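After this come two complexes, each holding chain A, first together with chain B and then together with chain C.
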Partner chain A sequence: MGDKIYRVDMNTLSYSIEDVPSDWLGLGGRGLTSTIIAKEVDPECHPLGPNNKMVFAPGLLSGTSAANSGRNSLGAKSPLTGGIKESNVGGTSAGIFSKLGVKALIIEGIPQDESKFYQLHVTKEKVEFIEVPELVGKDNYEVLDTMLEKYDKKVAVMSIGRPGENCMLTANVSVKDPQGKLRSHGRGGLGAVMGSKKIKCITVDAEKYKEVTIADPEKFKAASKIFTQALQKNPISGEGLPAYGTNVLVNIINEAGGLPTRNFRAGKYEFAENICGETMAEIINSRDGKTTHACHAGCVIQCSQVYNDKENNYLTSGFEYEMIWAFGANLGIKDLDQIAKIDALMDDLGLDAIETGVALGLAVDAGILEYGDGEKAYSLIADDLANATPLGRIIGSGTEILGKIYGLVRVPTVKGQAIPAYEPRAIKGQGVTYVTSPMGADHTAGYAVATNILNSGGFVDPLKKDGQVELSRNLQIATAAVDSTGMCIFVAFPALDEPECLPALIDMINARFGINLTGDDVTNLGKSILKLEKEFNDKAGLTKADDRIPEFMKYEKLPPHNTIWDFTNEEIDAFWDF
Partner chain B sequence: MSEMIQVTVKLFAQYRDNRFKVKEIGYKDGTTAQDIIEDLGIHNDKLPLGVLMINSKHQEETTLMRDGDTISLFPKVGGG
Partner chain C sequence: MGDKIYRVDMNTLSYSIEDVPSDWLGLGGRGLTSTIIAKEVDPECHPLGPNNKMVFAPGLLSGTSAANSGRNSLGAKSPLTGGIKESNVGGTSAGIFSKLGVKALIIEGIPQDESKFYQLHVTKEKVEFIEVPELVGKDNYEVLDTMLEKYDKKVAVMSIGRPGENCMLTANVSVKDPQGKLRSHGRGGLGAVMGSKKIKCITVDAEKYKEVTIADPEKFKAASKIFTQALQKNPISGEGLPAYGTNVLVNIINEAGGLPTRNFRAGKYEFAENICGETMAEIINSRDGKTTHACHAGCVIQCSQVYNDKENNYLTSGFEYEMIWAFGANLGIKDLDQIAKIDALMDDLGLDAIETGVALGLAVDAGILEYGDGEKAYSLIADDLANATPLGRIIGSGTEILGKIYGLVRVPTVKGQAIPAYEPRAIKGQGVTYVTSPMGADHTAGYAVATNILNSGGFVDPLKKDGQVELSRNLQIATAAVDSTGMCIFVAFPALDEPECLPALIDMINARFGINLTGDDVTNLGKSILKLEKEFNDKAGLTKADDRIPEFMKYEKLPPHNTIWDFTNEEIDAFWDF
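After this line comes the complex of A and B, so read on.
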């Protein structure tokens, strides 16, 4: 393989193209970004200072014909959590990086002249630094359109909007998808890191790439077929996700009493039916939209969709459960169109839907707006946050800081990151993932909802403590490994329930690189990634006391089940016994 | 003559197609969740039963229904 490491120094505006060190050869995606961050970044550095680095790495199978393998990882020290971060995304960047032979793109340093923003253009031979004064103060779609005019339509684009330029902790890094819409490296304030490095956008040449080389094409083809069939025959990835998208979860999580409502005051939302996946599918179909849509080429699940407005004009896509929950149940908005409008706005600005939505839910407690006031929520984002007014900066700093500024106690965060759309008191396995994941409160890090609520991979009672730490540990180990392959997280459902799925995935990796990984090797890879991330966090100053749920969840009973968070510290700390 | 019980039946995702979203239905005392599933033809549905909740808690199909219960039926669903 002729893969290389592309290293960019923003301080000197120079680059180098390096051989891949032998111990990085078998790594991709999260395994590689976390390895590089742990090795090269001082854990005590300021995340927005010159010593933090951004590392992009496509998954091991990205760029191949393997179904759902087009996820790209972005790693850095997070300005939101103060710990290590990996956030992965669909879109076209992973496939193009792989085909170009970019094993990882490492960006270090900060320009001496801090008044300028740059575009980085990565081609096979070089990295260009282009000043882009005309794009400063613009948002993602304008940047995207400008790049699509300048280059071939297939060019990969990663960009930040105004919140990223302003180094806000809710800012994400947005990525072009095959239809020219946006996906995002959502969590952890990575858009702020990109802003601190004065990079407005990164483009990757899609004209001169070659197909990735496969060591054993026959074996690859056979394994790929089994894998695709497993994805298609599994009822969740084959039927549920394409029909309703991830938003099918609103009803089931609500029925189970685990849908965080009005800043985590209840587990049921009385207007769930207004915003649920079934209602959304009806609206989409009645307006000539699409219920299936892929965030990257080669996705056979297609959980995304095209959501049109009342006049049948495009409004948004990638309209996901987390977003709909954050502004729906959590902020009390019951009109799906209003949430869709906010979704489109946030895509353009490049904001993490979860962090922003939870911060706004808390802003109600602060007296800034009222539940259900979608107009006000829209204007707080479009006017205040986008223009970085003092109030906009407070909201754009995320949930934890907003809570501190307004003297609030009921602040739903772990390691400074907002808790997503599953109540830890009613879905306890998921709560274990929130408190133990090195990423902070992240639902994708170990999706215990699958086994607590969805009967995937067996059943562990969501309201009891028994078995939850073990469940979350096993899931987090598996997820760390899967995040290294470039596979979309929803591969987890067939992987949990179809016995041939994981072996086929491993066979594809083996056939791609001509190696002989076993299932145990993959588990060990997952374990070592988690430990490496934890070690970085320890050195960054995070302690056991950061592996804790917000205190109010220990004494405030959550209706309808009236449960509290009742794990002892010892029970939680035992997570790391492996 | 056996007593009647009132049960609120809620259906989700594809189970709603050609059926309903929510309905109060009277059943004979002694009816189990399985009886309701069969009564609605869900045992023969293209999509097998994924999740069964009674009063917001996961339960077995053999569970005896009581007056005033809410039963929620889902095919396998997922997301994240």
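After this line comes the complex of A and C, so read on.
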């Protein structure tokens, strides 16, 4: 294959296009980003200093016709967690990188002149460094519009808004989706790393790309068909998610008593009905929106949507459960339109919805705003955070730092990263994922909600400790492998429940590259990725003491089940016995 | 001996007076605080949560007539470093605790009603919990004056100002000195721990105390005489420090190229002459101030002073080198009166001069103020920090957090604590102490400046790596032991250079308690304290990666010597091979 490694040095504003080292040939997505970061980045380096690197890598199946294979991984040492980070995204970048033959884009160094921001334009033949003074201080949509005027409409665009320029830890890297809207490499403050490297946006040429080569097209086609059918027949990926989007979860998780409410003070939200997926679908339908929408080409789940305002004008898309929870139950807002307006704002600015929403929930404890005050929440983001006022800087630094600034104890983070929309005390398998994942509190790293709540892959009682460590371990191993394929996390449901799904996925990889992976190979890949990431974190200074739930969850009972986090340290530390 | 452990539970507002466990009998000061913290505090607990404890313990010789024995130790898990902390102070508390028979005061828990602040009044027989609504929002001098009206003038007072109430990480615990001025348990954010426990002040009754009993008064008297003479004949403790105070160091360290200037961008300050000890002594003498002043009873060094304003009115005292450096060379201010005015303000508020000054130096990089703008620096503390505005909260959170909030890379901290007034790249032995001390960057933990610059204890070239790890190790071991005696750090100079000094110190301890310690016993005590503290930190999640200099010092040359920090990780990690 003609894939190459594209390597950019921001210090010298130079690049090289390199052959792929033999031991990276079989890697993609998270497997490749974590391998490169672990090999090339000093774990002790400052995440915003000259020795950190950013690595973009499409998944192994990205660019093919395989359903849901359009995820792109971004890796770096995270300024939020202090450990290794991989954050993957839909949008168009994975497919375009793959079709252009970019196995990975590695970005090193920091410009000597820190007063300028650059656009990197990646084509088959070269990387251009373009000064973009006119885009400094602008946000994602203006950057996107500027690039769409300049290039073919299919150009891939990755950009940061003002929070990224300001190196805020809530800043994400935003990516153009097929409809010209935005998706996000959301977590870990990777937008700050891009800002530290003085890169305002990266564009990837989509004019000269070719379809990716498939070693065995017949085999690929057959496996792809089985895989797609498995996705479609599974009740979660085939029905629930398409009908209500990820927001189908509000009622389910609320019913289970695991919807973190008002900064993790309860597991049920009395206004869940106002913000749930069913209500959202009604609103969307009544306003000529779209309840289904693909974040990347080839998606058959289409869990995204187009959400219009009361005048039936476009308001936002990619309006996800995590966002709706973070500003809904967690911040006590019950007006979905208000949350949608904040969602659109945060897309434009390029902010991690979870980190920002949880930080605002904690900001209530700090006396900065009151629960349910959506206007104030909007203004804190639009006026303070975007303009980097001192208060905006505080919120933009995320939950952990905000907690330190105000001397707060009830700070819902693991490894410095905010806990997402599933209460660890009520959905304990998910809590095990939060504390053990090398990524910090991350719901996608091992989605135990599937088996704790959705009866996917069997059932493990969410309120009890039994079996949770094993469940999370198996899911995290599988997820690390899946994150290397370019597949979206929601293939987990058919993979857990439809016996033909995983073999078909492996067959597609084999057919694509002309290799012969077995199921064991895939499991071993997942294990080796996790161990590699753990080893990086160990060297970076993370320890068992970082594999811990916030202390207050150990002594504060969560209504309605009145459960606490009751794992011993030894039970948690046993996670790594594999 | 009739010494007791006084144990206070803020959760239940109750106390107990307990016998001293046998294995604590031979411990005092840092040895005792670190032992109790290591035994009773979960290293993984939140430092501001209900499971942290504060432990006050006077030194073994405190309360006796031994010269310079009036240091009191305060221990806790530090909210600034995340590790164990001991910070000792002069003032009157050590002597009064000892004479009252309080071996240690342990404070646990947090009140259920978090809306109130308390005064703890400790007498021989009991501990009173007094609500002090009238003192909430007040600063140290008002608290002190209130207590001096209420009690005998000799009452010991330990208090926090508004920064401590607000749980800021720059907050210290202030202690009344013999003249009714203030000294500080300065480092590690211990004022925030006191604030989290809702304690505004602690008073210790001085009416009913007795002189401490001495097992062998004759032997004590003889040893004490030798010890005092050693202090007086040593050129540093007997001449330099009395004449110019600690600020004698400005010219010396500047001359050596190791005075950190403008946030650690150079080792020489062009206005050193304006702020040096010699200039200060001239100013003091011209304004009827005092160039010598004892921070605690029995001090024969008297490195403190009384600094008057231009109208010859009292402005400040305890006006130390670290303070003058932090706001002078580090922040580019050259007007000593302006620095003195800030010093007085910070005493009243209860702020760590090093942490606050270094944070402000970094704030220049963040665009918050400009070098040399003393008016603005004053206002940022008096208006913003004191009133806990968002900007004040940022500065009050200290250097490390400020760096994270603004995405800065040149952040001069170790283990989250600001580096003091000696440049690690130019005084490398001191740098070894910064990176290896369990306390975080702390100049007093192993004062290698003595041997690198002052030719005390021999000479080790400050610009070279050779011998520095051994030097720092030996000093840190000795210091851990000395910090247990109640002795001030400046006994280090005669202890290093006058052969009769250390034996006399050990003889005093033996005579006080009727025991038979040898020099080896003292060395072993120092070693065991360091190892105990290290073990706590390991369990708290600190690792080798925390024993590191800020990365920028590894690649940025420091003028005028143009040296970098060139130790390998292995060389530093070898510190712990003992």
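The definition used in the following text is that the second predicted complex is superposed on the first by the 578 of 578 C-alpha atoms of A that agree within 3 Å, B and C clash if a C-alpha of one lies under 4 Å from a C-alpha of the other, contacts with A are read in each partner's own complex, and residues count from 1 in each chain.
Rule of thumb we're sticking to: contacts are C-beta pairs under 8 Å (C-beta built on N, C-alpha and C of every residue); 3 or more make two chains touch, one makes a residue touch a chain.
Note that the structure is a prediction, hence the values are computed from the model and not measured.
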{"item": "Touching partner for A:Phe552 - first (chain B), second (chain C), both, neither", "value": "second"}
{"item": "Which superposed partner A:Phe493 touches (first chain B, second chain C, both, neither)", "value": "first"}
{"item": "Which superposed partner A:Gly245 touches (first chain B, second chain C, both, neither)", "value": "first"}
{"item": "First (chain B), second (chain C), both or neither touched by A:Lys341", "value": "neither"}
{"item": "Chain B versus chain C as contact partner of A:Thr444, first or second or both or neither", "value": "first"}
{"item": "Chain B versus chain C as contact partner of A:Cys303, first or second or both or neither", "value": "first"}
{"item": "Partner chain in contact with A:Ile401 - chain B first, chain C second, else both or neither", "value": "second"}
{"item": "Partner chain(s) touched by A:Gly277 [first = chain B, second = chain C, both, neither]", "value": "first"}
{"item": "Residue ranges of chain A in contact with chain B within the complex", "value": "235-237, 239-241, 243-249, 251-252, 255-257, 268, 273, 277-278, 303, 320-321, 443-444, 447, 449-450, 453-456, 459, 461-463, 489-490, 492-493, 560-561"}
{"item": "Residues on chain B engaged by chain A in the complex (per definition of touch)", "value": "10, 12-14, 16, 21, 47-48, 50-51, 53, 56-58, 72, 74-80"}
{"item": "Contact set on chain C toward chain A in their complex", "value": "43-46, 48-51, 79, 166-169, 192, 195-196, 389-391, 393-394, 396-397, 401, 404-409, 411, 538-546, 548, 550-552, 555, 569"}
